[in-house]
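Following: one structure in structure tokens, then a few remarks.
Should a chain be cited, it is by its letter among A, B, C and D, assigned in written order, with residues numbered from 1 in that chain.
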Amino acid sequence: MTNAQITLVQIDNYGPWTVTPEPRREVDLQTLQSRLYADLSQLIGNREGYVFFTRFDNMVAVTNGLSMDDHALVQESIGNRYPVTVSLGVATGTSPVQALADATDQLQDAGSAQDKARREILRGRTIDEEFRTDDDIQIAHFDVNDMTGNFTDEVNAFDSFIHIEQGYAELMKYMREAHDSLSFFVGGDNVIAVCPKLDEREYQDAIQHVEETVEVELKVGVGSGRVPQDAGMAAKHALETCRADGSRVEFQ
Amino acid sequence: MTNAQITLVQIDNYGPWTVTPEPRREVDLQTLQSRLYADLSQLIGNREGYVFFTRFDNMVAVTNGLSMDDHALVQESIGNRYPVTVSLGVATGTSPVQALADATDQLQDAGSAQDKARREILRGRTIDEEFRTDDDIQIAHFDVNDMTGNFTDEVNAFDSFIHIEQGYAELMKYMREAHDSLSFFVGGDNVIAVCPKLDEREYQDAIQHVEETVEVELKVGVGSGRVPQDAGMAAKHALETCRADGSRVEFQ
Amino acid sequence: MTNAQITLVQIDNYGPWTVTPEPRREVDLQTLQSRLYADLSQLIGNREGYVFFTRFDNMVAVTNGLSMDDHALVQESIGNRYPVTVSLGVATGTSPVQALADATDQLQDAGSAQDKARREILRGRTIDEEFRTDDDIQIAHFDVNDMTGNFTDEVNAFDSFIHIEQGYAELMKYMREAHDSLSFFVGGDNVIAVCPKLDEREYQDAIQHVEETVEVELKVGVGSGRVPQDAGMAAKHALETCRADGSRVEFQ
Amino acid sequence: MTNAQITLVQIDNYGPWTVTPEPRREVDLQTLQSRLYADLSQLIGNREGYVFFTRFDNMVAVTNGLSMDDHALVQESIGNRYPVTVSLGVATGTSPVQALADATDQLQDAGSAQDKARREILRGRTIDEEFRTDDDIQIAHFDVNDMTGNFTDEVNAFDSFIHIEQGYAELMKYMREAHDSLSFFVGGDNVIAVCPKLDEREYQDAIQHVEETVEVELKVGVGSGRVPQDAGMAAKHALETCRADGSRVEFQ
């Protein structure tokens, strides 16, 4: 069994801030959002976790190995460097979707995402050290088969992107509904999913579903670990095996 | 008629670089990509253009007002500060999709995105100053109706995100096929589209299509300008009017 | 005659902010300061100006070519992305020191740097377009003779640094008192000075003074231009000539 | 006794890179340098260390608590995100100056700072866990008495800066020669010094020397700790006590 520790990162009262006193320049919002994400990547990544940009105003992190004190420091560091603050909800569970749902509850119970008075909430709980195992995280790294040869170098850049987005939209929905997994587009033609303990047949099923539904051919490398970084790196190596061998699903 | 100037920004040989000599840490790739995008936002935004992160390894910019010299300086500045370089293809036209297709051709003709020898290409042409007008750009800023009340504060963060992604995947495809427009998710529940000269009926049509197909309710503010920044800011103000009045489509 | 346009950038109420409610982590302050400076470098540099980090909480920029509107946009962009705001005082003159004194007055007249109510001041005036000339800026780029061979590769890193700092402290003071110039350490063994119209004899004098007083041997390349970027790049090329020819002062 | 672990961070072959094939724009170099420093601040600071910008091409870090593996990860992360690489020399000792000298030797033995073939050196040794104590680091945080009231709000910004720089140049030299300490300007009117076990009399001596020599009045807070972050934060609190009580030297 896996035991994912999931953290929901929510920028406090962000929507209203972006239009107060009047709409702020998009270029500054884009810069703010992407740098905040880059900083969280470093803050959480330096502690062997992963964070995904998701909606940018709501980001999802896999934080096995980070204590509540670590979370507090991440929150303080952002507050020291940005014009906005973040709230953090933390929860754990065998199903990543359920863990995120519980983490979301922590913040929803504290007030609305657009409540001016709800700031820098930090709630939830992490996995006790004694219950942590080397298989707590399963990460799957998907990419699109021969994306460069068939698309990037052949059709216009937007049609390439539509191809990837259709694949992602279908995969994220199916993996969530059929397999309790959280899938995130991470750039290029790559999607990284945080999964419960799935086997090869279940990944084959997901790949087949996406191919039949939206005609996007995927392959996937799967890795496990005590912390997200190890699981993710194992998944990358497994994906390299797919590339070398022409296979569609590889575990490492 | 509009006359969009579109620039395709492509990181040179990025895919192979990310796995050479072996897969690089995801945290560093995420940091690199999002900061590169933030820097392009500033470099292009300081010249009143817009850039969208798209796939991160392929980004799309609207660059009316930037000369080829400006493009060269942006390219040089990135080369001076990153371990990767970028190629730029520039094209113009009444249809944003066609302009992007032409910009893509410029780069594809120069070699594969994964060709090690193809570096820092800069090709294409900008609009001659004498042909520029105050309506060259039309930008539409969409968001999801009552996203916070119905979703962010109610369901788990991933299901909120699925709702947004389904809406975006459908909108981007429909706007491209039916209306020659390029639509980009920009965070939160926001999508910004670069459009040819569309009228209210056409925006109503797109909103209705998305609502009927994937049950996502959108509204949209539309603005025009000589440069992307002005068109985009007008669109934001129009969207504020939608919020204030409860309307679904507003022009400013 | 030169005609420098100098901008004083002052973080509002920064000292008190760094210790409220209690001292903030030094690592975050360092990150904030150096990124704020990097962003100003880009915001002002993309408009062909120069900015120097100086004290970090007070930075000095050479802004020939930037209008008051440009200044307002720089100020707004920082306010949109940082937890602190900046005030800007702008002044011009044949003497860079006098111009900075006038720019300082603009802010001092508006209140104390540690007055909580004094925020985002923008005062002063820029050079009218009709009075701008191609010699408005003179920039001198100094470095230490054979720093790497004699120091970096030979003595411990702190003693190398002491050597540079003693040279800089003496040069900055002498250039200010004897030659009305503003000199800034910019990293490595480099100092960039913004000068009135000085001739070769005056640079020889400054170099000789530093050598006699603190035994640091300098050389210098000097350039002129309508905007800081052009003057600064000319100075760099002149310094390359010094390196190639073994000369101590070169103009370009 | 203290036992400082000092790391010299040196950008590989940086000088030649800045002028190859011809001088790079100063604005990009300034951005690169200050961001590289900000990233090191985060990478090392997230592991409870301190890093000082020093010359920017040579930075000095206090790294008690970081293993050689941590150093390797910092080095890899920079290499993944910048167009330049860094070499790291690590050494320990009761005298911070001697430790830095030994760390410098590690890199000098590996080749010149401007040797194209010397890249990403990582040499030296860290303190064995069993020998670490709660007093390994002593940090002193100096600032200038009533800087804002007497200078920032009264004289021009450059003369304020000269006052600070003269004080710093004298302090850094005296603390190195008389007290084996490494002192670094960190912005504003602040200097942070890494010291061996000094007592109140020795700090009084240094303050008095600077006041007599260059007429700059300093005060100082001193803290100790197992890691730089704890020692530095204690020093900040001690400096707050100076501010509250009007004293010149405080230990915490």
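The criterion applied here is as follows: a contact is a pair of C-beta atoms (placed from the backbone, for glycine too) under 8 Å apart; a residue touches a chain by one contact, two chains touch by 3 or more.
Fair warning: this is a prediction, and the values are worked out from it, not measured in the lab.
Shared contact partners of chain B and chain D are A, C. Centre-to-centre spacing of chain A and chain C amounts to 43 Å, using the average Cα coordinate of each chain. Centre-to-centre spacing of chain B and chain C amounts to 37 Å, using the average Cα coordinate of each chain. If each chain is reduced to the centroid of its CA atoms, chain A and chain B end up 22 Å from each other. Contact with two or more other chains is made by residues 25, 28-29, 31, 35, 42, 46 of chain D. With chains as nodes and touching pairs as edges, the resulting graph is complete, every pair of chains being joined.
Of all residues in chain B, only 8, 10, 14-15, 18-19, 22-23, 25-31, 33-35, 37-38, 41-42, 44-46, 50-51, 53-58, 60, 97, 100-101, 103-105, 108, 112-114, 148, 152-162, 164-166, 168-169, 172-173, 176, 182, 186-189, 192, 229, 232-233, 236-237, 240 touch chain A in the complex they form.
Across the interface of their complex, chain D is touched by residues 39, 42-43, 46-47 of chain A.
Those residues of chain D whose C-beta lies close enough to touch chain B in the complex are 24-25, 28-29, 31-32, 35, 76-77, 79-83.
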